[in-house]
Amino acid sequence: MSLSSRDALVELRRELHRTPEPAWREFYTTSRVVDEIERIGVDDLYVGREVLDSDARMAVPDDEEIADWYERAREAGAREDVLEKCAGGHTGAIAVLEKGEGPTVALRVDIDALPITESTDDDHLPAREGFRSEHEGTMHACGHDAHMTIGLGVLQRVKDSDFEGTLKVLFQPAEEVVGGGKAMAESGHLDDVDHLLAVHVGLHHPTGEVVAGIDGFLAVTQFHAEFTGAPAHAGDAPEEGRNAVQSLAAAIQGLYGIPRHSAGETRVNAGRVEGGTASNIIPESARLEAEVRGETTDLKEYMYQHAMSALEGAARSYDCEVDVDVVGDAPSAVSDDALVDVVSEVASGVDGVSSVVRNDDLGGSEDATYLMRHVQNRGGTASFVCVGTDHPTGHHTATFDTDEATIPIAVDTLAGTILDLGASSR
Amino acid sequence: MSLSSRDALVELRRELHRTPEPAWREFYTTSRVVDEIERIGVDDLYVGREVLDSDARMAVPDDEEIADWYERAREAGAREDVLEKCAGGHTGAIAVLEKGEGPTVALRVDIDALPITESTDDDHLPAREGFRSEHEGTMHACGHDAHMTIGLGVLQRVKDSDFEGTLKVLFQPAEEVVGGGKAMAESGHLDDVDHLLAVHVGLHHPTGEVVAGIDGFLAVTQFHAEFTGAPAHAGDAPEEGRNAVQSLAAAIQGLYGIPRHSAGETRVNAGRVEGGTASNIIPESARLEAEVRGETTDLKEYMYQHAMSALEGAARSYDCEVDVDVVGDAPSAVSDDALVDVVSEVASGVDGVSSVVRNDDLGGSEDATYLMRHVQNRGGTASFVCVGTDHPTGHHTATFDTDEATIPIAVDTLAGTILDLGASSR
Amino acid sequence: MSLSSRDALVELRRELHRTPEPAWREFYTTSRVVDEIERIGVDDLYVGREVLDSDARMAVPDDEEIADWYERAREAGAREDVLEKCAGGHTGAIAVLEKGEGPTVALRVDIDALPITESTDDDHLPAREGFRSEHEGTMHACGHDAHMTIGLGVLQRVKDSDFEGTLKVLFQPAEEVVGGGKAMAESGHLDDVDHLLAVHVGLHHPTGEVVAGIDGFLAVTQFHAEFTGAPAHAGDAPEEGRNAVQSLAAAIQGLYGIPRHSAGETRVNAGRVEGGTASNIIPESARLEAEVRGETTDLKEYMYQHAMSALEGAARSYDCEVDVDVVGDAPSAVSDDALVDVVSEVASGVDGVSSVVRNDDLGGSEDATYLMRHVQNRGGTASFVCVGTDHPTGHHTATFDTDEATIPIAVDTLAGTILDLGASSR
Amino acid sequence: MSLSSRDALVELRRELHRTPEPAWREFYTTSRVVDEIERIGVDDLYVGREVLDSDARMAVPDDEEIADWYERAREAGAREDVLEKCAGGHTGAIAVLEKGEGPTVALRVDIDALPITESTDDDHLPAREGFRSEHEGTMHACGHDAHMTIGLGVLQRVKDSDFEGTLKVLFQPAEEVVGGGKAMAESGHLDDVDHLLAVHVGLHHPTGEVVAGIDGFLAVTQFHAEFTGAPAHAGDAPEEGRNAVQSLAAAIQGLYGIPRHSAGETRVNAGRVEGGTASNIIPESARLEAEVRGETTDLKEYMYQHAMSALEGAARSYDCEVDVDVVGDAPSAVSDDALVDVVSEVASGVDGVSSVVRNDDLGGSEDATYLMRHVQNRGGTASFVCVGTDHPTGHHTATFDTDEATIPIAVDTLAGTILDLGASSR
């Protein structure tokens, strides 16, 4: 089955949808992607540790967690040669096509899934059509299954074309935890890239609409805070405890108490909490996983500084201590006009495209910004392209779905742009 | 009119009820008490500054506030000689009867009122009978009008008796803010006291019941905390503000978050707050008036230490500063068995007494404890006597009232005890 | 002294600066403005109750508060005829010049001051030069002293010109509490206005810069919440209390907990709090003065709805009740391009103007929006003009000041625009 | 090995210490206890489902959790016949000795462990001597290993004696979650009991001290609250979320905000929290495990009612819902004087006992109170006996340990009391 047909693309997307894996645990996913890359045939193929600056990875889970998914992937039939390169949480791949003299163009797609239990409702297409997540509690709820499919579809299309230049398709892990972008940006593979494209489906744009250049990426920092107090028997000697859960509660309220900023948008979320052991023991420890964002990197910093005050004050209030680890980070970025021009023009001619929007704001964060900035800092151009899709509910919800008509539109738009970039350099 | 009759006592009590004055502002009250003392005739009379260690006063209001009440008292007819001695917030009086060889016995009554607006309801006797507070917003809602009357009644009775010894009746100011006890205790007047009696009506005991020795005084510390941040326009530049009201809110929650203690009762109250200027300005400052209590002085200290953590953490959380002033303080204390024995025996024979309880817990705080400890530390004995009264609602409420039948019972019990102490020393 | 000279304008501004009066209490101010209007000479003059829809007033203080300032104004020499029309908190004035056939143009200036204690620092010009506020605790900290002066300066200039049409200068009260705009908008005086100009100095633009049309008004709702619980003695029976101050604290936390909105800017501020009576009484009541804002009226509504949840939940948590009163409100608005064009062109030619900015965002709220919308809804055009001033510190701070060079620039720009509008209609 | 010797008792205690199992999962423990009971030889033996009113069990974990421990117990060698009777979380045993005419005496010991990771410190005897918990994360940190040993030691001793009457030794599960007492009390086995003894080591009393009758049991209710909101992408659309973790934080603050009560001791603890999924997702759900206690059942109810207000208000504040399940409950109780007399007298003569205290307060909760009340309500007597032990750190801490000298003292005291009760009935 070649990925030239729409049916083949849809079939692949549904297969990938069934086996979502969370950040840094995309072992089976990487193996399947490698299968497809090899089937298409490329000049160079880098896998796992070869595509990452290992030390620049953020939000890597603990060894046990990695081992569990590693084993699961092996049992599901992941290739041993791929697994070996991915050991220790080094997932992802880069496929390189060298088709003569010309610019080096890169296309970045992301491959990880989210810790969400997928809906079993009949109104939810993957449930109705039988390709719902087989990894209970994990779900492709942000369209990365489609992104990978698009990346492979573009690879096939460019392979089959008379493109002159070099194409790199980057299958980046760990986007959802904004932990993988920096590691791939600093891997060396981006150093010679002239033009970088990244792609995302949906973002509240309907099927048939393409946004040539997304801006308004919110800079983000994700952090974990660990509060430590002292345990005690809650009935016998409550005065001997220092209750870490009370500090946690005050910290949550403190985080939301950070003033809004007149210079632009900010965000804060206390996304995950856990603390204590049992109702009759004063909690000795409590953990908070949270994030702050800003329309600019400065605004994100403003939020982060105030967040630290909130955490320290909350610890102090209840005589606890707090330790903070930054586990994810991404700057803001903008798409380059010159590249946005090309995408716009190409998209206008694509079958199925009824509307081309030049720019729109993301209103979220993306560690594609690390790759974009890396290329831009070396004189290249970058654009983050959104291909609209009729998604029934918001991204990151249990009933999110990608309208499959989006996939060929995205392949046409991106492959067309790449061909055009090759042509335009002649 | 001599204070020998019940009618005279009731009339005086009603008059005093009409003109309540808050702590350290009992100017008119002191003047009226001095009138009565002089009418009775005593050997020594000390007033205002003469009965206090000025530096040991706590919770003294600001000059303007004192001046307002001072002026009001003058306009109402307070004596100039008394006012002069009371200038600057030095209220209260001590009457001394010297009736030959014998022990020195002191009776302490308190004279200040509360910042409560008295009920206008017809069910409330002072409203119905026309002796409701004439100082709107201030009220004798804890029976100090009755206490003063009892103190004067006892003075008259002992004057008219064959008691041998010295009697000092102490009219102490500023009990409600636990600010006057220490200042009177350290005035020198208590140094030669052999037996100290203090009296309180009610405390949830009915008319006809006497508690010979109250224990279980909660130690208390009252403090003011001032939070300081930075103002800013709430719409234009919220990020430039540091919101003292947010620190205040966190502090309140932190105070209530202090763990209960297995060693005994504790208390905490955020009793008064004020902060900010207008809804469109980020509040630069906020003030908290609060208190902590403990069944023992150690438990009170435990609460106070944790309260300071709560305040400091709350300030830190929102990048504000906090300053704390202790404005009131009282230790715990216990009534002496030997003295409780005497009161018990005397009370049993008093007309109108149907029940004598040896001991009961106060469950509140009282700065009579400073005086009790002062006497006890010098080898004397002390007892805090409760004379029950059918009060329709709790102390410190707008409809609190003293059953006037209580007043002669109290006079009989206390005067009887004093006579007995005089007799017993022979 | 005619207001034609810069010196006269500066002198008047300094005089007005000395006698700031807060919202709905601008009695002396109105009287002084009326003096000046009469000196200039107009065709119609409306004062107080005549310029307002009384029922549409918001944030009117209580009678006693109004009476205090009313009396103070009388003592300071306010005219009896003006005071009479202003009785009960009906301040402000409208001056009308009828100069033949032509459009009706209105200029709105605001007249109230803020509850801020003015700096006594020598670096603060009004302190150094002796025209600091004589009303301790109240201050023209937002430039309304300059606005009134500009309004009168424009009136003088147009009076002296060959303008053809009708000019109304609106001296609007109670802008700081967003309480006066609606009442003047609905007074009838705006119904026939073809072009409305409003003016503000500063807004972080330097002297010499003019912004022809301010947009980005934040819609705002200001409200008061009154929490009611039950009082009790804090030591004796804490369980009998229901602590309104605890509800207040939770409400503050809840207000700041309202999620930021991806559709645009929002604001929230707990600007003033007060509760309880004394540290040993469980607080029976507590009051919160707060506001919410949004970049659009919808966003403001989003904030308001969530604020109500926060208040109700906070009351429920501590078994208290809460009552909410809306005391101020203003929609968002935009300046009309056609009018902005005129202001831009005129400003470019004004002496002292070095920079003309077409549009900028206010980032705050203004009840001029009520007047703008009223005129726009009837087919007229409106623009909110900002005349930059080098202000040493932010608006609404104790050291805010207006660079007096701004005043003639503003008069030139606005009078020029009005003349142009008259001319252009010919 | 007979349990008559101190060495045998110590050896058994250390074995049991090695294999702690949490509430309702004491499968291996029950099997080992049954082994010992059979070795001793009794007249009747009831196991698992036979000793419980299944429906009255509280705080039963979910099926998967039970199945895990069940399987672990089987692998460790638990007997199939015992496992079968314990299926579905029905643990515990009752051994019955019938030794002729006489009273029915019951001795209750508890058998479950705590979710605490045992210390590996060399100062901790079980670590140093090699009998530390083999079930990582679970620990006998409250002495139940000693309690079981004492129960078996007493059974052996009475078996070997000339006691006349019936002895029932009750091995009760799930005390730590106050979930097992009610189920055993209502099993029918207590209906004919004339005298009930329960035993606890330590409680801050040193080795050599016996408290004949513990009082001051705090009544307790343990509950789980589940907050439900709506998830959303934290960067993209924070306004679409309803954040359950914010409700959780407010609930924690609210719980600690419940006023202390003048009628006696109260407690509250937010002992365990968990919520949300990832830092970039607005948390849809959050869970709180908490408890309230009171010196009397009424005080516990007071706390519970206020806790419900706090939870409901916290849910309301952030537009979430909350569901509450009560998972554990125990009333207060008092030891009977007549039985305390017997224990006192017997203990005085026991080897190693240097001090006998008649009564002391527990200051904690215990579901032995269900059994005590059951027996008392039918005319029997009950006493909760404390046998002191030098424990290096508090109960429920990772370094808690039982001084093994305590075990023979406890056996002597309890067996002696039982013999005396048998004798005294003759």
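In this document, chain identifiers A, B, C and D correspond to the written order of the chains, with residue numbering beginning at 1 in each.
Here is the rule we go by: contacts are C-beta pairs under 8 Å (C-beta built on N, C-alpha and C of every residue); 3 or more make two chains touch, one makes a residue touch a chain.
Not measured: the values here are computed from a predicted model.
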Comparison of A-C and A-D by number of C-beta pairs in contact, larger one | A-D
Are the two sides of the subunit A and subunit B contact the same residues or different ones, given that same means over half of the numbers occur on both copies?
-> same
Find the chain most remote from subunit B, comparing centres computed as mean CA coordinates.
-> A
Any idea how many Å lie between the Cα centroids of subunit A and subunit B?
-> 67
Separation of mean Cα positions, subunit D and subunit A [Å, integer] | 48
So which bits of subunit D are touching at least two other chains?
-> 236-238, 243, 246, 250, 253, 256-257, 260, 262, 267, 282, 363
Subunit A residues touching subunit C in their complex are 253, 256-257, 260, 262, 265-268, 363
Listed in rising order, subunit C residues that touch subunit D in their complex are 236-239, 241, 243, 246, 250, 253-254, 257, 259-263, 282, 302, 306, 309-310, 312-319
So in the complex, which bits of subunit B are touching subunit C?
-> 114-116, 176-178, 203, 218, 220, 222-223, 231-238, 240, 243, 245-246, 248-250, 252-253, 256, 267, 269-283, 286, 289-291, 293, 328, 362-365, 394-397
